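What follows is a set of structures to go through.
Look for chain A in each of the two complexes below; its partner is chain B in the first and chain C in the second.
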Partner chain A sequence: MNETQEPTPEPRRTSNGNGNGNAAHGGNGAVPHGLRPRGEGGLNLKPSGRLNAIPTEARGTAPVDSSAPIENAVFRCRDVNVFYGAKQALKGVSIDVAPRQVLAMIGPSGCGKSTFLRCLNRMNDTIPGARVTGSIVLDGRDIYDPERDAAQLRARIGMVFQKPNPFPKSIYDNVAYGPRIHKLTRSRAELDDVVCSSLTRAGLWDEVKDRLGSPGTGLSGGQQQRLCIARTIAIQPEVILMDEPCSALDPIATARIEDLIDELREQYAIVIVTHSMQQAARVSQRTAYFHLGELIEVGETDRVFTNPRHRLTEDYITGRFG
Partner chain B sequence: MNRRAIRKALNLLALSLSGLATAIGLFFLGAILWTLIKNGVAGLSPKVFSAMTPPPGSSGGLLNALYGSIVMTLIAILIGGPVGMLAGTYLAEYGRTSRISAVIRFVNDVLLSAPSIIIGLFVYELLVVRMGHFSAIAGAVALAIIAIPVTVRTTEDMLNLVPQGMKDASTAMGAYHWRTITSVVYPAARSGIVTGLLLAIARISGETAPLLFTALNNQFWSTNLLAPMANLPVVIFQFALSPYPNWQQLAWTGALIITVSILILSVTARIVVSRLSPAGRR
Partner chain C sequence: MNSSVVTIEARQAAGQRLRERVFRLATLAAALLVLLLLGGVVLSLVVGAWPALSHFKFSFLTREIWNPVTDQYGALAPIYGTLVTSALALLLAIPVSFGIAIFLTELAPAWLKRPVGVAIELLAAVPSIIYGIWGLFVLAPILQAHVQPALIAWLGPLPVIGKLFQGPPYGIGVLSASFVLAIMVIPFISAVMRDVFETVPDVLKESCYGLGATTWEVIWQVVVPYARTGMIGGVMLGLGRALGETMAVTFVIGNAHRIGSSLLAPGTTISASIANEFAEAVGDLYTSSLVALGAILFLITFTVIAFARYMLMRLERRALSNV
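Showing the complex of A and B:
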């Protein structure tokens, strides 16, 4: 596809500065799809070419945002497609993940946010029948390079799941799990330090310091989620992926995790999937909007929320659907 | 009103039918236990646990048979347990969707329900005929073959109960699959696997037919694994069919001992399930 070098500095008919391009967009949705914007549109027709639903501006799979290529990006994803069997769940997604920044991914249920997240640490490999094409480059090499060991790659990329999933081990052993399997520490004292500092950074130390030996599964949901975050940062990953980490938590626990994300951002690149627009607005610097497997728009969070360039984005964030 | 009356009547009918079925089942269970206790307890004495099986007419105990049963069961579970656990692990973790797994699962189910006498005959051909005589090790192998499908089944079921999210968490930390299995999946399924092993022991400790063809019996104390070895089920079988009252009495007592041991094992298994499982669990 066209975006392999950089997203075309767009002649896209994005709103001329005022947010009211939408009226025009609204009309546009009804325009027959033959009227695709010039040039690449023709080349762009995918075999799967679903010819409805997406207004013409989104036809190109390049992000609508022109600021997209990021200088020192951690991940560079180009034209990523994911198939589950014959079903295509992700269509030509190209996006960069910046260091020391939170990238929020929003979009209606089933639009492929989790699927995309799982591409970044090759967790899709574990799903029978899942297939990923395109390129995802981490420090100069494609992570799907057959030479590359998926486990070692995952050791550099932390993941926090929607449902807290502590191991059936003590709190200590939960956090020590990663350092132990990757032999990151040489002595028990060193391991103690890692466990302590990880729990501290996850904001859980004070609550559990007296019962490190009790099972991690005995904690409350919010504590478990922070334990999972502690477990993740204990392996000192370069990136942290979070898939709706707060959806099972109450507002107070959510606030704690959000504060934590804000702190972690100073050191890590974070990609977070969320269904809460407020959360995306609160914690992220960039926001990506997905729709039916396509990346519709990505840009500065403030910009996306105050001045979405795509009608689908606007519809979603104003709650008109999704 | 009318419909309500009909519903009530139907309900009553269903309730009494199922109550009756339960009562019948419980009655026979109770009758068996009662007969066992009544006839078995009479013969219980320290001598049962300290003397060898006697010749007809003189007094004796079951020590050699008890020892033989324990030894053969232990060897059987030492062989069958690991094999069954590894096979179950393969089915649940590595070959979940592969075609060969479907075949293995099918064969395992067949083996699970195969009459144990066939397994006795099989080991008879395999070991007894070749060695030229009956032996304890042949008995243990026959019991192991019975224990394997039970263990495969329970292990697979228990591993499948471990939440995918937990395995994913380990995978996402960069753990290799074997590491996830040994460090996360096994601990999470520990109580289930232990229960499976206990149930396998309970299952094989009462088997008679396979031992008739393999370990046979031995009137004397023997620890030689390559020689025939006494064991409770075969002793009970022979003594119960004999015309000698002292043998018949020992058969009753032996039956009581087996039943109580299996009962204890099963209860232990249940306690293990509820206690040993990690707090909070899935």
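Showing the complex of A and C:
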């Protein structure tokens, strides 16, 4: 429990919680945490990346985690570092993603939250010069294992992007795209069913059922984003990653997407990056706060917002910067 | 006092108006100059070609004969040579260029992108005479010794297309010219294609990757459909260059005014004929026939570009109506 006070070689293990494994679902806010790193050089965020390189007086930057490890976690991430060329964008992040729960990632621009999200489905692979170290384990195996196929992996991990980006195809073909390339259906009737149920679950069916053949790009922004969500759930992923899915939408469309996220949570693990703290508070059960590439604090959403344990988190959620 | 200020302002305004007027007229003149030049070229081609065209009438386009001794001229062989070498060159160059462009934009590791990209640009900067010399002294002997005998042996006996690969392996000929042309247009086509592929928005590619698509699927289902218009533009640019290329082709095509049934046989193109014969053309009809060849080349190139524009316009309109 006092790990963060001892300069042990591996202080980033996230087992500083109650240690009895009962923290499985979101942990509990009553986890004792000896260190309250307020006013203790907490802003001294050196880009050293490895904690054992941080001098004692700067240990206020150690992550505060009241909920890990999660026993049946979907993802177990340990000491994840991301480099874009020589620049380190993510520094030693360790976090678990729980099933049937929304994990919100908040933090100021450039803090690495989107970078981290893109690690989870190896989307960073498509960026030249990007390098990921550490381990991200999905069902017992590291997703960066060279023998694991990135395409197969991404088929299990859906992603919704900041800007609605339907393909320049019909609404039907947009949703049917994933099932088609993965040959999930055997007949046209089966495909029709998948398209219908995906659109229904995305809350879009009633609005588009009479014009499935018209282009997906002709829908409104909010509808396009729900189409993208339908497209994602059509391949029956286990996890859905959302990268600021509402930042391009008006408040009404945003509310619809948030309701949808709440419904989808019953079936999927959802990781959402958001700039809106209100949104994080509304939709998530756990919240992680990132700052300058480091995971500063993660815990039950209510706890993080009402009783942040780290000075930086408090400064951010009270609007002192960011 | 007040009135003098007003006059100064008025004078300044007048000076400004005059300057703007002069500037506008100057740019207008520059723009008109282009039209004037184009008109001049067309006019001089028509005037120069008129004696031959009026003498041979339509048969100038349909006859293969080219005999300065009897003053009989027909343009069919050079037209055929121009079209066939260009078509073959594109056939060879398009797949290679496509591969280069896809590799450079989607597959190449970052450290390899720049060297290959620069090499392609350098290839485009090599003067065509160098390609000609290289084609004649390096490529043609290799083709003659190794490639053409193999083509004759394997493809010659085949029905229909066998005819294209029969006869002696000269080394120089239509096929060799096509090879050289292909090498010359590859840098152009691949550079344009690469630039076009780079305009494909990352969000579109990522949405496809995000659904678990392979790189192959992303390339064929997102990148290529999005870049189709630009790819056609690149191909047309290459075709324009292949049609008009003179020096390199003159070196390796053999310059024979006949239409061989075999691609290995020597032939000629319009620009090669003009370059070869203009200096020694005596007699009005001979000179005029060469100018007429030039007019035909102008017409072919113009048609190709007009057709390309039309295709692009249609594609754009369809893309717009899709959105």
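The rule is short, and it goes like this: the second predicted complex is superposed on the first by the 258 of 322 C-alpha atoms of A that agree within 3 Å, B and C clash if a C-alpha of one lies under 4 Å from a C-alpha of the other, contacts with A are read in each partner's own complex, and residues count from 1 in each chain.
We take it that a contact is a pair of C-beta atoms (placed from the backbone, for glycine too) under 8 Å apart; a residue touches a chain by one contact, two chains touch by 3 or more.
Given the structure is predicted, the values throughout are model-derived calculations rather than measurements.
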Clash or fit, chain B versus chain C on superposed chain A: clash
Touched partner set for A:P146, first chain B, second chain C, both or neither: neither
First, second, both or neither for A:P251, with chain B first and chain C second: neither
Which of chain B and chain C A:I235 touches, first, second, both or neither: both
Chain A residues contacted in one complex by chain B, in the other by chain C: 121, 123, 126, 128, 151-156, 158-159, 161, 163, 165-168, 177-178, 181-182, 215, 217-218, 228, 231-232, 235
Parts of chain A lying in touch with chain B, wherever the complex brings them together: 121, 123, 126, 128, 151-159, 161, 163, 165-169, 177-178, 181-182, 214-215, 217-218, 228, 231-232, 235
Residue numbers on chain A that touch chain C, as the complex places them: 121, 123, 126, 128-129, 151-156, 158-159, 161, 163, 165-168, 177-178, 181-182, 215, 217-218, 228, 231-232, 235
Residue ranges of chain B touching chain A (in the complex, touch as defined): 96-97, 163, 165-166, 168-176, 179, 183-184, 187-188, 278-281
Chain C - residues contacting chain A, complex: 109-110, 113, 201-215, 217, 222, 225-226, 319, 322-323
